[in-house]
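In what follows, a structure is listed as structure tokens, so that the remarks can point back to it.
Chain lettering (A, B, C, D and E) follows the sequence in which the chains are written, and residue indices restart at 1 in each chain.
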Amino acid sequence: MISKSSISKKLYTGLWSIPLPLWFTLFFVGPILLLFWLSFWDVKNFVMVPGFNLDNWEKILGANYFWSAYTRTILFALGTAILTTAIAFPASLTIAYLMPLKARLVVLGLIIVPFFTSYLVRIYSWQVYLSENGIIQNAFSYIGINIASMLNSPLALYIGFVTLTLPLAIIIQSISVLSLDKSLIDAAYNLGCGPKRIISAVIIPAAKPGIIIGALFVFIFSFGDFVTPTYLGGGKYTTLSILIADTVKSGQQWPRAAVISVIMIITLLITAMCSIAYAYRKR
Amino acid sequence: GSPTTLTMLAWYGQAEPDAVEEFERLYNVKIIPKYYVGGEQMIALLAQSPPGTYDIIHADAEYVQQLAAANFLEKLDAEDYPFDDFYSEFQNFPGHWIGKDLYAVISRFGFLGISHNLDVVSVKEASSYKLLWDKKLKNRVGHFDWHLPNLGALSLLNGNSSPYSINKTSWNNLKKTTLSLKPQIRGFYDYGGVLSSLKNGEVSVIPGIGEWITGVLRRDGANVTTTIPEEGGIQFTESFSIGKNSRKAELARKFIQYMAGEKGQYRLANLNVFPAIIPSKKGWKRMIAEKPMEAKHLGMFNGSGNAIDLIQRGRIHIRELPHQQSLEDWNDFWSEYKGS
Amino acid sequence: MDSTHISLKKISKMYGNNIAIENLDLDIERGKFIAIMGPSGCGKSTLLRSLAGLESITSGSITCNGEEISKLEIWERNTPLVWQSLALFPFLTVQQNVEFGLKMRGEKAEVRKTKSESWLKRLGLESFANRNVDQLSGGQRQRVALARCLVTEPSVLLLDEPLSALDAHLSVKMQGELKRLQRELGITFIYVTHSHSEAFSMADKVVIMNQGKIEQEGSPKDIYLHPISSFVANFLGGSSIFKCTLKSISSQYSLLESNDGSFKSSTESIKHFILEQSLNMIVRADQITITTEGGWSENEVLCQIIGEEFIGALVNLRLQSKNGTEIIVQQQQRDMEKLDIEIGSSVVAGWHPEDCYLITN
Amino acid sequence: MKTRKLTRYIGVVFCSIILIFLYAPIISNFIFSFNSLRFPTIPLGSFSWEWYQLILNDSLVINAFKNTLIVGFIVAPIATFMGFAAAYSDYRFNFFGKKLVMVFALMPPLIPLVVIGLAMLAYLSRIGLSGTLPAIIVSHVVLTSPFAMAIIRLRFSQIESDLEFAAQNLGATNWLAFKEIIIPMVKNSVITAFLMCLAVSFDEYAVTWFVGGLEETSSVRVLSFLQSAVSPRINAIGSITFAVSILLLLGAQYFVFKKLNQDIKKS
Amino acid sequence: MDSTHISLKKISKMYGNNIAIENLDLDIERGKFIAIMGPSGCGKSTLLRSLAGLESITSGSITCNGEEISKLEIWERNTPLVWQSLALFPFLTVQQNVEFGLKMRGEKAEVRKTKSESWLKRLGLESFANRNVDQLSGGQRQRVALARCLVTEPSVLLLDEPLSALDAHLSVKMQGELKRLQRELGITFIYVTHSHSEAFSMADKVVIMNQGKIEQEGSPKDIYLHPISSFVANFLGGSSIFKCTLKSISSQYSLLESNDGSFKSSTESIKHFILEQSLNMIVRADQITITTEGGWSENEVLCQIIGEEFIGALVNLRLQSKNGTEIIVQQQQRDMEKLDIEIGSSVVAGWHPEDCYLITN
């Protein structure tokens, strides 16, 4: 016998637990399996031929330039994650605790808006500031200081990555800092925790999920970003996404690109799972 | 009635109004372009799209070979196109024929040598690729981020008479030569990057590119030019083909015919996106008559030293896929070089 | 050193237009145990929170050891508070919660460990040290909150109903611990509670609040025996209140008249009053005796039993006189058994003139 | 007290610096969109509407804008709903394979765009969907819903889980409890998630290029301008997008503030 | 209709590896007032939460009116719970919180308004109707939680320490309200409390839990007079426990031996025991009398006074015998005044053989 309530319960559970898995099964699992399979294909005469061989894997895993790109990408992503989190956190604190409600809404709005202007456009615009004879160099020479162009330097890369990720980090962090129970802060003060320590003793642990998830997204974004390394890094800093583009240039070597992708996915998946586990771990 | 549509997979600019408006009017068609940014992605896109999605395909010669090999192109009938009017070098352009079958009609071409900022480097200085190692150019040399033109140019410097067909020793030498250039390099740029870095002075010299870049910059007032060094230059070509299973093959043929004709050629030589040399004699005439300055810069003038002359004198080598090494080897080396 | 530890002078606290504390004065001696009681919403928690600096007072001054502290930051006050709402840190384990205050004081890890473990043990929480606080029962949580403050062994401790979620047995045990702590370390306790037994058994001084003001303060005995207003008498409960008019004063007994008849009271308690004044006569439940016959005492009222509450060894009887006055009588279980009465029975409630306590209306 | 003021001051200055940083590219973008020169170098050329005229007369650009809006406003609700549903079912239910679902739900942003673009195209063309707006929508939903999920899940992790049960205990069916308790509590993060999805969809170019065939969105357009034609039209497009989004924001804030003021008056 | 309203059969609840309830059986009659007591962490809240469906039980069955409900959804059970943690809706006003249950039942706005206002009034909250719940004092919040459940007038009401934050005066008033409700509407109350007086004054049946199991159930009187184990006696408090061995049984008195000497007990209470059995002798505090001399009773122990607690009309004395046994004596205030003793004094505690209550060890 199926009772009315059990139908309604199934309906309710189903409504929430089915859509995303269903959509993903239809439109994501397919591509992702295809991608994985692709990494074992051959390329003959500039055409990909389905097959199963490990050559692509051997080739990539055996290439020095792959590993150097891999380390470089991880380091940049990690650096950006730390940098962005460090910049975003004081800002989130200010927004959450030091601003009146209306100012908070305005500032959060202002932080979201740039997001709607294509990232490509914004990075392109950064070139104007950083390049030789760019705005910054001109400004400095106006006050009598000569500086080198900043384009194609790690600094430029970080500027690009931070442009990409900062709004996201601030928003995620703010959500999590704002919903923190204020009485916990008072309780900590009451136990002798000064305003300097309150951040490390209460706010950070309590807002940990937000901070970590924010940093994770920053990591993911900058790990896979192609635009900044290309347009602000001058292609000099081969990251994995640039390497993918390069790999493809040896005549339709998509299978090798797939290998790199799979490695990237695995790396990010491990990072993601570790950081989520850490974020939601109690204590 | 409302115009029929014609789809075109092309490098940016080939379906902009300055190129196609007249054709569209004449035949009451609307050309819908799909612009691509890299040949590889273009081929991948074609490979994964249903056949017949794209009626016209615009590509560089290297990719025509790949496209034909992969059976993405319809065969063409040479009779349909005004090859008689083309300079002889382009009547039987190697990359476009596979055996007896024609797959593409050349639309325009250009030479790659050393592009340089005239404020820093004179034409005379640019007469040899050795310039690249010049002390004053430290950290002032840029690369267009593609191995074929760059390695081709340096291969010429190394004295290889056919730059893309080199034996193992020469290949190793080429690698050495290339790696020794790395300290001079400021960056590896895509099209846009090349343009802006030359323009704003970030780099002073870029090998392996040509008038297709400097021509654009000059229009914007930059003091730059391209010099073909004594060691020789590289040639690139663009062409039109008809996509496999195109349902509008007839119209596509009309389009190619139009582009190979005088009016089309004249337009192509002056494309907003970047100028290039055209293979049509009638086109040359009109260029020389109407835009002598531009024509001169591109090498379209009468007399010795013009584009055809350079080709005939053996100064120019067609950009090709490597013969004795695999494309992969070259590419891998390029990755390694960038990462070094 | 002055024996006054904390002194509140004319403090007021408004929430918008609501007055939570009004012009309150209170001196607290060092090392004493002060219990604050009062009806729900009378401002007890607000008072503690103001002392701790969690609320900034609207006016008045708070001094501690003679120094003004009302402008000090919360963390500078060293006045740990056991919150009514607990406010445990959900991201820390039980033990980490307890160690928090020590950590803030820069104690070394071993010291923290020893101290926190000893306190967890004293509060019966040793087996929960590594649990998350949301995996605890209500009483366990409350003990964690208590341990979190006790472990810092401060000179003042503010407690807001710290034992309200504990069963009587445990509560008594905790009361013992708290008392011992107060004696051994000389901590000044300011203790809000709604439990009379807690207040009366632990406090050196009881403060009864009403609507943001202090209604009465004094030793437990004093307050119990001599409530200064019918509010206090009522609040403490266990008393019957008769509205009377003073009719005559003689050397031994004075005469009062009420709806329920005329009563005699020992003149000693009449001192300050004048004839024809309206007074409240308060008689404690344990001083009223019921009989079936009456005639043994000067003050007797005929009543009907309307309720009976059996509370362990004692029975509380609620009686009603003909005129509707409610009279509460407390009997020991064993005495009750001798009388043969049930709800609805008519009985005579009587008390001695010296057990009358008179206050103004 | 003094230090508190100082902290606030420093905080506000810090936030302003961040805003300046975030807006710097947009400002220069705006300025150069009126610059007559093709390359964005200093000194500036003369004032010119040319680039705006060019894009406003370019049917491809107009069409791309239209597509962007269509795609964004279809994708954002779907993706927000799916992200929400996944976050809620993770928070609320226990079912077999939940962890796996969560892992998959987080995966799309982990995959390099060029490659997922190709794989998507390969897959979608096999099911006959490639080269259409629905193809773009389908893949954008895949790409954006993980963001929605993460943001909303974060909010859920901070909600006292008893409240929903308290509502049910008072007789609210799960639907009612959902409406009365869950919605009011996560509303803001859902709005944030919606905006985030919209922004990510607006921004996406790599996958869109592959699966969209002849259909383009404005960021694909920008990409081709950037990679093959370097043209201040990029700036013009950017400025228009920016103007539109700031107008949207102002509109939204107007309503929020109106409601705020009403609330304040009420209490 | 069967008089059993709710029946729990062998229910268990595990949290991971922690057992919170173990194989518990309980029948609850319709319209009765059941009080559940037990030490902190014994599983009281878990029991209520399982009844309400907030925790799914690990095993066992729960029937209500004979129907199995343990698989029903929470909202299908109609068992409103007053949460120990309150769980008020923070984004709703006081009145909206109270109206919530009615709204869910689809009541019209006017009906909701009338009902909620009447309950707010009865609970003394009428002036807070439009406040946010976080602007209330602890006791006010608790009353809102109470009102939120009461207003739905269900047939079963689950209450988890619903009066713990109220002062005695208010608490008594609320107890009256609850009792009245039970009588008037015939609601079945399942009431968790740690207050003996609440349990004993309101409940028809008291259930004492220990470590997830029921230790004893029965009428308040029964439990008070006849605890079945020393755990219960201890938990209820107010008793002294002597460990003894049964030495001889005569027709009138039986003889028991303990560290503190030998005692006599009326044989009636010995029935089930055999010679040489180890027993606990339990003597209620109100049945022990202290004198300075002794010699008045068969059972006497010389002790020292170690503590004195003054609780209103009563004084609790804690004594210690030479052998360290703790003895609790409850005296009425007025009797105490006659004896001239203080902490440290030696006194003799004595009790009658018929006041001994013996249970197995």
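Convention: a contact is a pair of C-beta atoms (placed from the backbone, for glycine too) under 8 Å apart; a residue touches a chain by one contact, two chains touch by 3 or more.
Each chain and its UniProt protein: A = Spermidine/putrescine ABC transporter permease; C, E = ABC transporter ATP-binding protein; D = ABC transporter permease.
As the structure is a prediction and not an experimental result, all values here were calculated from the model.
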Set of chains whose contacts include both subunit B and subunit A: D
Per Cα centroids, the chain farthest from subunit E: B
Of B-D and A-D, whichever chain pair has more C-beta contact pairs: A-D
Inter-chain centre distance, subunit C versus subunit D (ABC transporter permease) - centres from mean C-alpha coordinates, in Å: 58
Gap in Å, rounded to a whole number, between the CA centres of subunit C and subunit A: 58
Whole-Å separation of chain centres (CA-atom averages), subunit B against subunit E: 92
Residues within subunit A bordering two or more other chains: 9, 124, 127, 131, 133-134, 195, 231, 245, 248, 254
Where subunit C touches two or more other chains, by residue: 85
Where subunit B touches two or more other chains, by residue: 41, 44, 190, 192, 196, 200
List of subunit A residues in touch with subunit B within their complex: 45-48, 63-65, 68-69, 124, 127, 131-134, 149, 151-152, 230-231, 233-236, 238, 243, 245-254
Residue ranges of subunit A in contact with subunit C within the complex: 181, 183-184, 186-195, 197, 201-202, 205-206, 208, 282-283
Sites on subunit B touched by subunit A in the complex: 38, 40-41, 43-44, 47, 66, 69-70, 142-143, 145-147, 185-190, 192-193, 196-197, 200-202, 321, 326-328, 330-332, 334-336, 338-339
Residue ranges of subunit A touching subunit D (ABC transporter permease) (in the complex, touch as defined): 8-9, 12-13, 15-21, 23-24, 27-32, 34-35, 38, 87, 90-91, 93-95, 98-99, 101-102, 105-107, 109-129, 131, 133-135, 138, 162-163, 166-168, 170-172, 175-176, 179-180, 195, 209-210, 213, 217, 220-221, 224, 226, 231, 240-241, 244-245, 248, 254, 257-258, 260-261, 264-265, 268-269, 272-273, 276, 280
Interface residues, subunit C side, partner subunit E - complex: 15, 37-41, 44-46, 84-85, 124, 135-140, 143, 160-161, 164-172, 194-197, 200-201, 220-221, 224, 234-238, 284-287, 309-314, 316, 330, 332-334
